[in-house]
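First the structure, which I've put down as structure tokens, then a few questions once you've had a look.
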Amino acid sequence: MRIHVVNPNATASMTAQIGRVARRVARPGTEIDLATVAGAPVSIEGYADEALSVPGLLAAIRAAEVRGADAHVIACFDDPGLDAAREVAAAPVIGLCQAAMQAATILSARFSVVTTLPRSVPIIEDLADRYGMGRRCRRVRAIDLPVLAVEDAAGGAHELIAAATRAARDEDGAEAVVLGCAGMAELCDRLTAETGILVIDGVTAAVTLAEALAATTYRTSKAGAYAAPRPKAGGLFPEAA
Amino acid sequence: MRIHVVNPNATASMTAQIGRVARRVARPGTEIDLATVAGAPVSIEGYADEALSVPGLLAAIRAAEVRGADAHVIACFDDPGLDAAREVAAAPVIGLCQAAMQAATILSARFSVVTTLPRSVPIIEDLADRYGMGRRCRRVRAIDLPVLAVEDAAGGAHELIAAATRAARDEDGAEAVVLGCAGMAELCDRLTAETGILVIDGVTAAVTLAEALAATTYRTSKAGAYAAPRPKAGGLFPEAA
Amino acid sequence: MRIHVVNPNATASMTAQIGRVARRVARPGTEIDLATVAGAPVSIEGYADEALSVPGLLAAIRAAEVRGADAHVIACFDDPGLDAAREVAAAPVIGLCQAAMQAATILSARFSVVTTLPRSVPIIEDLADRYGMGRRCRRVRAIDLPVLAVEDAAGGAHELIAAATRAARDEDGAEAVVLGCAGMAELCDRLTAETGILVIDGVTAAVTLAEALAATTYRTSKAGAYAAPRPKAGGLFPEAA
Amino acid sequence: MRIHVVNPNATASMTAQIGRVARRVARPGTEIDLATVAGAPVSIEGYADEALSVPGLLAAIRAAEVRGADAHVIACFDDPGLDAAREVAAAPVIGLCQAAMQAATILSARFSVVTTLPRSVPIIEDLADRYGMGRRCRRVRAIDLPVLAVEDAAGGAHELIAAATRAARDEDGAEAVVLGCAGMAELCDRLTAETGILVIDGVTAAVTLAEALAATTYRTSKAGAYAAPRPKAGGLFPEAA
Amino acid sequence: MRIHVVNPNATASMTAQIGRVARRVARPGTEIDLATVAGAPVSIEGYADEALSVPGLLAAIRAAEVRGADAHVIACFDDPGLDAAREVAAAPVIGLCQAAMQAATILSARFSVVTTLPRSVPIIEDLADRYGMGRRCRRVRAIDLPVLAVEDAAGGAHELIAAATRAARDEDGAEAVVLGCAGMAELCDRLTAETGILVIDGVTAAVTLAEALAATTYRTSKAGAYAAPRPKAGGLFPEAA
Amino acid sequence: MRIHVVNPNATASMTAQIGRVARRVARPGTEIDLATVAGAPVSIEGYADEALSVPGLLAAIRAAEVRGADAHVIACFDDPGLDAAREVAAAPVIGLCQAAMQAATILSARFSVVTTLPRSVPIIEDLADRYGMGRRCRRVRAIDLPVLAVEDAAGGAHELIAAATRAARDEDGAEAVVLGCAGMAELCDRLTAETGILVIDGVTAAVTLAEALAATTYRTSKAGAYAAPRPKAGGLFPEAA
């Protein structure tokens, strides 16, 4: 089984971390086909960053379909380009936020999210509403550090995330905490150990869910919203092609 | 990996069908630990049937935890006893309806459900609302046959389900159809072939999702709603125990 | 008029308290047919306790229908078995939580709930959502005492409930407080007197509502979700019966 | 016990019908204090009619409080002035729509409403949403006759209402039908008999609910939205008073 | 272009303030047709005040239609009589709350409201829900001063509003603050300057939106809920007329 | 006043139509700064088309801000890039769908949308939900013609749109119909004339709303979700810049 895991930002160290987590959780027989969107913003912090990453992301999805992909994971918690990628792909396409929130609603009755910048709070709240998780999501908390600072051990990100996790547990009544940034993936086990609350990482949730859907015979429905993009000039499939 | 799949009704032929579907979709290394709730109603058609099956179901969950279970699947589309089972289990507990609707929202933008009796329509609608899928679920359709009639090839169940699937596709704008009864599981591929629309079976969705969650290190949060039942007389864990 | 009031837990002192409150608020001509579910858990604290109490509860509903009941009250704030009981009964079936929240939305624009254990908070929030009261319910507060400790005068339950009631009034903007446990019923008037805010007890709300519905000619609709359970082996009405 | 039942329109024959239904369902000891808002529109068909009836309605509420009222019923299905009346009254104030929908959600899982004019459809849908009943209300159907034509036996209103009731049962999946106009109250039993589905009349639901709330010690909370109107020039309580 | 701006309360100084703000923001060619509802309460603080102002308000709308109005603004944040006025008017009718919340959802992702009395909090929350803005509105805050005290410079209203605005920014995560009272209109620019957050005034939002809708050829739909009131005794259009 | 109106697709004839409608409805003193996104898909039909148009759209927004823009209109009914554009712009940014639905909720109580392809139905439904208009929007209807066929007089688009408009009026209970494609803008008046129902065009609604917001002093809040994109490699504002 081959799972295409694409980091929509251009930061190779983040792709590497995502790859480590993906490979650790994947089944022995699963090949993690890891990709980075070259030329994309080095981090996805807001709507414009998302928008600039998506055209390259769609190209990566297409290329992976050609190489052969049983499922795709878009490895950014804002789930950029998720619907567009589903139009492009035959294989199932999984987003970190949707996968993590689905897992959280199976493993707990109420969860909170810990993310990086305050500007991402309404973005993630809106995703929760779109995925039907608004009533289950107690609160989205931001540690007020940029995405790339999460990887910087000296910057105190881990301490801030741990503090927000404890606050979610003690003040929000959260029974689980979802890590709202792909760059936090490797902190997950340590946070659970330190705080005693279930901490869920989107990369882990998405890769295992991708394997699950790939194991079914189900593919993305082409009957409506996710039909292949229509051939047209300027489109993904130019008419002349 | 061992996945406990429990049929909350007492009909062995249905358990056998569930087992066949589960084993077909499971990974090579997965052991399907298949159980039937002896003494439960022979089919789950409504709230009272659910209620009568749950005590035995909880006993089955406990026994499977003792045997060793990496995840549990409650193999009935009404998801009876799902929350109670989560209190009892350390391993993740998956319901057919929640799993199938989660898969449907990844593979399509809008789905309909085809179930057996009209009395189940509001039950499934309420589950969709509880799982946050109310806006994605176009309609719950009933073929007006009892659960056990679905297995009876002479009874025309397949034709009724196919007709309802086509109606979902043509009248509801559904992009996928979820089969709303565990007893329909083996009809899934044939229905997709006949109707050309993605048809999703809850057993398939739940077993693969159970494998996925079992592959993570995540276990059911014991921090709130799903904490272990408190020891007490008359409870699952009598105080004297 | 005869109102069947059934305590789904096995604690006789709680049944007695429920009976005192029911008889005090009922009309002179109303007979309170009081029952306890023998063998049930001694308190209902979570989903598994609920599940274990429901089969006996349904038997109690059936027995009361045979004796003659103009309405039924399930005297536990989690409303265990409410839908199943409606299948079984011809007479209207009232739950404490639904009745109290309906009363609260007539007597106030916003209310909070004060309950016992934190694990009940998401249970009651979900009930509020199911009953359409989610936007009216400001907050569900837990005093973190078990149900049976509420009856223990030495345990400080009254003080904790009073403090939570004041917090609801002052911090939540609640205009009324609903007592989220049948065992709190006799504290209601004193709490109103002490805190100056309307405090609503579910037993009072449910018994009077049961009398109201019994006075109409309306009975539980048997046209859909609440149709009588189908006769079947293992079901409430075995086929041989 | 004295229940103030006020018809917010000026049509005495409608008040008389409301009175007959109220007295038939009320307990022996209950006095129905029946009032008509003189000078109000002769029927309430839309927002402007509502608005013109409310000042007189509030005066009627005040007068009834002075006479002594244990509860008030505003006997129009659009629930005109309901919130304002709650500011004015110490006793509970019940609206027909809220009472009937609350009863319908206890007696059925899904209901439809049959009303008079199409212009009332969004009004009643919005009330259902406000009362948290939007997901339970399958559809609001209009027979396209004015309110006063309902009383005119020759006008065919009964046949149209019966047809709409059957359509609700057969096409909407409604398990109960709520009559969406006070002027339909006396048709209720006959409709149930003819259609075999539970038909709920708002006058019946509201009067019995009013008795229920009057039997509690609960009064309208004055802590927030329903505090007494502030004394002021032009207000209900002029400052000089 | 002529925009009818009607203050539904009887306080002339408030009308004057509304007029100043309206004229400052209106286009050069726009005539502001300013009106006060004589005999109405001197301020609108709650449902009864609203109810008493609406009949006069509807008369004002009709009179303005006769004089010629391209749009109407009801200059009170509770939007009293909004639906009824739409029945009466052919020209578009704008309420302050709806206009300000629509503007806020274009200019920000999350906003809070600052209003006068606590009793108005649930009123404005319910309006937000009705307008579909409930998820965007973080919180409604009250400064606990009556409406007419806002105009009293010595009363400290400005300081209280500024403090609430800062609290909305710092505690609610609000990106904009909507002033929840027409009497606060002239404080808007100063508050933005002092707090550094976008502050939106309903008069400004409504008058500019009224000009916008007047510039289209669109008029209030008369096809359903906003059809003209039916002629009838006691109604806005008596049958004899 | 200068309003930047940008067609996110590359079809010049559609830009021209948008320009004609914009200039006809704009005030005399308003300059319509019209732009086409060169290189974008020639029509926006689905998520991938949207995604490919947005980077060029953001560049157009930036360029227009440099030229001087008092407001921006994104002239496509799917509102592509709306949130990202708000990050980039200081001036208000208006989308056709949001503007048209806001107008529709002022001018009617219930509306339907008529769009081009069935694949756009869930897209527009999701927008309605995001904008809080889900309960007001009766139905999204598709005529099953591609976007560019709407401009082709011989293709029968007008007749299909008129038929869908009548169906919305007669079957949905819609009081207004919103045209769900920028390419339908010039059909608006004729459709109203032919069908007798209010038909609302997004270009008209958005341009007038843009003028309205430009006339206020309000600008897009930079306090949270719509803060300027952070400077970074690969981002809209590269760090070296």
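Structure notes:
Letters are used for the chains, namely A, B, C, D, E and F, taken in the order the chains are written, and counting of residues starts over at 1 for each.
Note that contacts are C-beta pairs under 8 Å (C-beta built on N, C-alpha and C of every residue); 3 or more make two chains touch, one makes a residue touch a chain.
Since the structure is predicted, the reported quantities are computational estimates derived from the model, not experimental observations.
Counted as hops between touching chains, the shortest connection from chain B to chain D is 1. Between the contact lists of chain A and chain D, the overlap consists of B, C, E, F. Copies chain A and chain F of the same chain sequence form an interface built mainly from equivalent positions, shared numbers / all numbers used being over half.
If you average the Cα atoms of chain C and of chain E, the two centres end up 42 Å apart.
Each chain gets a centre from the mean of its Cα atoms; for chain A and chain B, those two points are 27 Å apart.
Residue positions of chain C with contacts to 2 or more other chains are 83, 109-110, 118, 121-122, 126, 129, 134-135, 173, 175, 224-225. Taken as a contact graph, with one node per protein chain and an edge wherever two chains touch, the assembly fits none of the named shapes, being neither a line, a ring, a star nor a complete graph.
In summary, the structure contains touching chain pairs A-B, A-C, A-E, A-F, B-C, B-D, B-F, C-D, C-E, D-E, D-F, E-F. The touching residues of chain B, counted against chain F in their complex, run 109-110, 135, 173, 175.
Touching chain C in their complex are the following residues of chain E: 118, 121-122, 125-126, 129, 134. On the side of chain E, the complex with chain F involves touching residues 25-27, 83, 92-94, 98, 102-103, 105-110, 131-136, 169, 173-176, 189, 197-198, 200, 204-205, 208-209, 211-213, 215-221, 223-226. Of all the residues in chain D, the ones that touch chain E in their complex are 9-10, 39-43, 45-55, 58, 81, 83-84, 86-88, 118-119, 121-123, 126, 129-130, 146, 224-225, 227, 229-230, 232-236.
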